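For reference, chains read A, B, C, D and E in written order, and residue numbers begin at 1 within each chain.
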Amino acid sequence: MSPTDPLAPEPVDAPIEAPLLTARGIRKSFGDVEVLKSIDLTVPRGNVVALIGPSGSGKTTVLRSLNGLEVPEAGTVEFSGGDVVDFAQAPSKRQLASLRDRSAMVFQQFNLFPHRTVLENVIEGPVQVQKRPKAEAIADARALLERVGLGAKADAYPFELSGGQQQRVGIVRALALKPQLLLFDEPTSALDPELVGDVLDVIRELAAEGWTMVLVTHELTFASHVADTIVFMDGGVVVESGPPSEVLQNPREARTKQFLHRLLDR
Amino acid sequence: MSPTDPLAPEPVDAPIEAPLLTARGIRKSFGDVEVLKSIDLTVPRGNVVALIGPSGSGKTTVLRSLNGLEVPEAGTVEFSGGDVVDFAQAPSKRQLASLRDRSAMVFQQFNLFPHRTVLENVIEGPVQVQKRPKAEAIADARALLERVGLGAKADAYPFELSGGQQQRVGIVRALALKPQLLLFDEPTSALDPELVGDVLDVIRELAAEGWTMVLVTHELTFASHVADTIVFMDGGVVVESGPPSEVLQNPREARTKQFLHRLLDR
Amino acid sequence: SPSSTSDGATSDGKLKANSLAAIQEAGVLTVGTEGTYKPFSYHEDGTGELTGYDVEIITAVADKLGVKAKFEETQWDAIFAGLEAGRFDVIANQVSINDERTAKYDFSKPYTVSPGVIVVKDDNTDITSFADLAGKTTAQSLTSNWYELAQKNGANVEAVEGWAQAVALLEQGRVDATVNDNLTFLDYEKQKGDTGLKIAAETDDPSLNAFVFTKGNTELQQAVDKALDDLRADGTLAKISDKYFGSDVTQ
Amino acid sequence: MTESLWELLLRSLLPIVGGALTGTIPLALLSFALGLVIALGVALMRLSRIRVVSGLARGYISIIRGTPLLVQLFVIFYGLPSIGIIVDPWPSAIIAFSLNVGGYAAEVIRAAILSVPKGQWEAGYTIGMSRGQTLVRVILPQAARVSVPPLSNTFISLVKDTSLASLILVTELFRQAQQIAAFSQEFMALYIEAAVVYWVICLVLSSAQSVLEKRLDRYVAH
Amino acid sequence: MTESLWELLLRSLLPIVGGALTGTIPLALLSFALGLVIALGVALMRLSRIRVVSGLARGYISIIRGTPLLVQLFVIFYGLPSIGIIVDPWPSAIIAFSLNVGGYAAEVIRAAILSVPKGQWEAGYTIGMSRGQTLVRVILPQAARVSVPPLSNTFISLVKDTSLASLILVTELFRQAQQIAAFSQEFMALYIEAAVVYWVICLVLSSAQSVLEKRLDRYVAH
C-alpha cells in the first residue's frame, strides 16, 4: 500500500520535454508600488530553480503568485498539461485551486497547525482535501516522516519540536500532497544556525531524487550546489539567470556582483 | 558639552592591570536542570570576549547572570573597584542594580521601546535613571546616532526602521549609558542576512575604540576578527577558551572541533 | 383599534383576544399582578402559593364569570405594557384610579377604599398633617399615586422601589416620612410587631383601587362589575377584606 | 417575626436554588449556546469584504451593545404583539438573551479569528483547502483558545442578567428571592442570599473555564 | 390623552437627556476613572508573587464578578447603615460602580500587562530602571494599547448599568424615563426612547474609542 519510495515524486503523463511550469509577464503592485514588473520564469521538470536577490526585490511575491496566494494584475501561469491561468482575466476560484493542487509550499515560518500533532498535520491535506483513505494516508505519512528522521515524533505537537524539526514536518506536509512542484520560501532563515543543516540536507536529497522545486534562499553556497538554475532578482525584475557556474561565479551584471559581494564578504 | 568622541568608553579609575570583570563559579539551574555548572570568566579591560557554543549550552544564561537579569544559585561577580556580588548570599536589590549600572546589554530581539522615538529610546536611561540634564543627554544621543549613521532617524519610531537600524539604535541606547561593559547576545541573529553587515561594522568599530565587551555570536569569521578571547561552551561548562588563533584555528578539544565543523561546513 | 362587534369578535369574525367571549371560550381569565406586594399580591410564606387580598378577590370574580383565574407575575414596569400587549386580560394589583389612567384604560368598580397615611418614626413630632410635608423628604414608590400626593404637598420625594425600601430609609433616618396606603402599613405592623413607626396623618379623601382593562373592553368590564356587585351582595368581599384587614375596606 | 432570620434564610435556600436550577441555569445555558451560533455568524459577516454585509453586522452589534437589555426584552415580549407577533415568555427570554450574547460574543469571536496568524490561512490554502474548510478545521480551533476567557466573562454576565427575565414572566433565582423578600420584608438578607447563590454558580463556571483552558492549551508551550 | 405620543416623546427628550447629562454620564465617567485606579492596583496585586496578596485580589475579583451589581449597590446603600455607616446616594453609587469596574477591569489590565513582551521589562532593567519605573514608563503605555477595546466594553456596560443607581435614589436617564412612563403610562415608548439615548451615548463612546486606538496605534506598523 505504501509506495516503495515515499520521497520520489509522482510520475506525470505530459511529454518529458515541456517545462513543468511556465510563468509569463507577471506584474503585481501593492497600492502604488509595482513590486513585480513583468517576471518570466520557466521551470523544467525535475529542475531546481533558486531565486536570490536583495530583501524586497520580490522573490516571495513571485513564489506566492505561482500558487495563487497572491493574485497578480497581469501575466499567465501554466502547468504542463493544465489550463493557462491568465491573471489579467480575474482567474476563477477553480483556476486558483488548480494551481494549488499542483504545487505545495514550504513556508519560512513553517506555519504548521499548532493544534494538530505532527501526523495529523501531514495527513490533513491527503485526507481532507484529496479524500484519500485515512489508513493509506497515515502509512504514507509515517514513511515520509521516517525518511526525514522524525518517525518518533509522529504524535508530538509542533511546539514540542525544535525549529529544524518543525521545518522538516513542513516539508513532509508538502510532500504528502504528492505535488508536481515544491515551493520553498527561505525555508531555513527562521532557524538557529546549527539547525539549518538538517533542513538543507533534506532539500538536497529531494533534489537528488528528481523533485521539481523553486526555492528562495540566502544560502548561496547551498544554492550553488543544489540548483540547476539561479535567478537573480532586484527591484521586481529578473536581472540575470542561468546555471550557478555563471550567475554565482561569473555574474555579468554589476548589480549581481554587488549583491554577491555584500553577502559573501564578512 | 558633548564629548569629543561619543564612541569612546568612559575612563575608569582602577589600576589598568586588574581585569574589569571577574566571574567565579557561576551555577544556575532551571527547575531540575543545571544549565550552568560552575562557570569562570575573566574580562580584561578593553578586551572583547566572544562566547560561542551549541544552542542550549548556556551562553545567554551566562550573559544574563553578569548583569543580574538571571540570579544564579552560586558564584560571584566582581567589577574592578566594586563590591563582590555573591549570589550564594541572595544579593540585595542594590547589588543587582550596581551590576546593571556598570554594564549595558544589547538584545538579540533589540527590545527597543516601541512607544518611544529613537531619540527617546536613547535618552530614557541617561535622563530617567542617571538624572543627567536632558539637553546634554539629547546632544550626546544625537552625536552617537550620527556616528552609527542614524542621525536622520532620531524622530522615527522603531517600527519605521529596518532590523539592522533597530539593532544599531539598541547599541546606541546601551552606549548612551556610558557603561564599563557592553553585553551583546547574538546581536545579528534576528536580522536579515544582508543587514547583518551594518551591525557587525558598528561592533567592530567599538572594539577598535577600546570598549570592553562580552558577546555571544554565531558569526565565527567575525568573532575571529574582533575577539581577543574566544570562550567555547557546551552543556553548561566552558570547554576551552583562548585567543581565536587557538580555539578557532587549532581547537584542542574534540567537542570544539565537532562544533566548528558543523557550523562551517555548508 | 379594529372595530369590535358586541360579542367581542373582530370584523373578520375571529374572536378578539381579551374579549369576554374569548375568555369564556377559553375558560381562563389571565390576571397580571406583581406577586411581591404584600398583603395584596404575594406568596404564602414567601415561597408558597400566590395569594393576597387582590388575588382572592379576582379569583372570586373569575368564579362568578365561570372561568378560572390564571396569574402572570411581573414587575410594575411591565404590568401595563403586558395588559396592552394582550398578555393579560386584567390587572389586579391595587391600581388606584386617577386621571392619566382613566384616559388610557377602563376600570372596574373600586374594590378597595382606603385612605393614604403619612408614616413617620415614633419620635417625630414635626409632621402631623399633609401640609407639614412641605420641605420634608419622603420616600415613595415611583409608580404609586402616593408619589403624586406627597409631591403636591410640597415634599421632596425620593423614588424607591417599594414599601420595604421606603421603610428601610425611614428607619435609617434618611427620609422623614413615607406616604402609603393605610392597609400596607397595618399589614407591616401586624407582621413586625413593634416597628418604631406611627401614622402621623391620614388623607381626607380615600383612594379608590380597581381592576384595570384595556380601553374599550366594555363587555369584560361590565361582567366584572356585575360579579363584584354579586360578591358584595353575598358578603364574599367583606369576608375576604376581614380576613386580611380585620375590617371591610371594600367600600 | 416568629421565625428567626436564619430560619428564613435556610427555608429560602431551597426555592432560590430551585429558581436557579429551573430558571437561571437552563436559561443561561440555552441562550449562551444559541448566542454563540449567532455570534459566529455575525462575526463572519463583520469580517466580510462585502460592505453591506459587514455594515449589517456592525449595526446589529452596535444596537445590541448600545441599548439596555431590559429594553430589548421589553420590545420582544411586550412590543412585538403590537405587530401581531406573540411569543411565549421562555422563547422570548431565550430570543432576547441569545441575541444579546450574539452581539457581545461576535466581537470576541471576530477578534479571536483575527488573532490567528495569517500564515495559518495560507497553510490551509496551500494544502488545497477551501476558505470554509480552513475556517472550520484550522482557524476556529485556534480561535477557540483565545476566546475562552472573554467568552466566559460574557457567560458570567449573562447568568446575572437572566434575572431580568422575571420581567417577562419567567421565574428564576432572583425572582424567588424577591418573592420571599416581599413576604418577609427582609429584602437585604434575601438579596445577599441570592448573591451568594449567583456567586457559587459563577465559581463553578470559572472552574469549568479553567478546565477548558487547560484542555485547549495542551498544544501550546507553557 | 390631549397630547399625542409624539408630543409626549418630544417633551420627554429634555428630561431624559438631562438625566443623562446630570446623572448617567457624570456617574459613569467618575466611576470609570476611579474604577481604573482600583483595577490597576488589583491587577498588580493579582500579579504579585506573594500568595496572600494575589489571593486577596482573586477573591475580590471573584466576588465582584460573581454577584449582581444590584446587590452590591443595595449592600452599600441599605446594608452598611446596619453597621452604622450611612453613605449618601451619589457616593454610594460611585463606590459601588467603581468597585465593580475595578473587578472587571483588573482582569483586562492584568492580561494587558502580561501581553507586553518580557523583553520590555528586561530592557527597562538593563538601562537601570527599577521595577516601578519600568512599569510606569515602559509597560503601562504599551499595555494601554491592547486594553482599550476591552475597557471600552466595560465602559459601555457601565453606562447602561448606571440605571441601577435609580434604585438608590440617584436620578439618571432611565429613572427619568420611568418617571414619565409611570405618569403617562407609556412604558414601551419611553423605554425605547431611553434606549435610543443610551445608544447615542454608546456611539459617541465608540468613536472616542476609535480615536484613542488610532492615537495609541501611531507607533505600531499597520
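Here is the rule we use: a contact is a pair of C-beta atoms (placed from the backbone, for glycine too) under 8 Å apart; a residue touches a chain by one contact, two chains touch by 3 or more.
These are the chains along with the protein names UniProt gives them: A, B = Cystine transport system ATP-binding protein; D, E = Amino acid ABC transporter permease.
None of the values given here were measured: they were computed from a predicted structure.
Participant: Mind listing the chains that sit against chain A and also against chain C?
Facilitator: Chains touching both chain A and chain C: D.
Participant: Using only Cα atoms to place each chain's centre, name the chain farthest from chain A.
Facilitator: Centre of mass proxy via C-alpha means gives C as farthest from chain A.
Participant: Does C-D or A-D have the larger number of C-beta pairs in contact?
Facilitator: Taking the two pairs in turn, the one with more contacts turns out to be C-D.
Participant: What whole-Å value do you get for the distance between chain B and chain E if each is reduced to the mean of its CA atoms?
Facilitator: Each chain's C-alpha centroid was found; their separation is 46 Å.
Participant: How many angstrom lie between the CA centroids of chain C and chain E, rounded to a whole number?
Facilitator: Averaging C-alpha atoms per chain gives centres 38 Å apart.
Participant: How big is the gap, in whole Å, between where the Cα atoms of chain B centre and where those of chain D centre?
Facilitator: Distance between chain centres: 52 Å.
Participant: Check each residue of chain E and list the ones that touch at least two other chains.
Facilitator: 78, 187-188
Participant: Hey, what residues on chain C touch two or more of the other chains?
Facilitator: In chain C, 77-78, 81, 84, 165, 168 touch at least two other chains.
Participant: Show me, using the given definition of touch, all chain pairs that touch one another.
Facilitator: Here the touching chain pairs work out to A-B, A-D, B-E, C-D, C-E, D-E.
Participant: In the complex of these two chains, what residues of chain E are touching chain D?
Facilitator: 62-63, 65-72, 74-75, 78-79, 82, 104, 107, 111, 149-150, 153, 156-157, 160, 163, 174, 187-188, 191-192, 194-196, 198-199, 201-203, 206
Participant: Inside the complex, what are the residues of chain A that reach chain B?
Facilitator: Going by the criterion above, the answer is residues 54-55, 189, 192-197, 200, 218-219, 221-222, 262-263, 266.
Participant: Residue numbers of chain C touching chain E in their complex, please.
Facilitator: 77-78, 80-81, 84, 100-101, 103-105, 142-143, 147-148, 158-161, 165, 168, 172-174
Participant: Where on chain A is chain D touching in the complex?
Facilitator: 67-69, 97, 100-101, 103-105, 107, 109, 111-116, 124-125, 128-130, 157-160, 173-174, 177
Participant: Per the contact definition, I'd like the list of chain D residues that touch chain A in the complex.
Facilitator: Going by the criterion above, the answer is residues 117, 119-120, 122-123, 125-130, 133, 137-138, 141-142, 145, 218-221.
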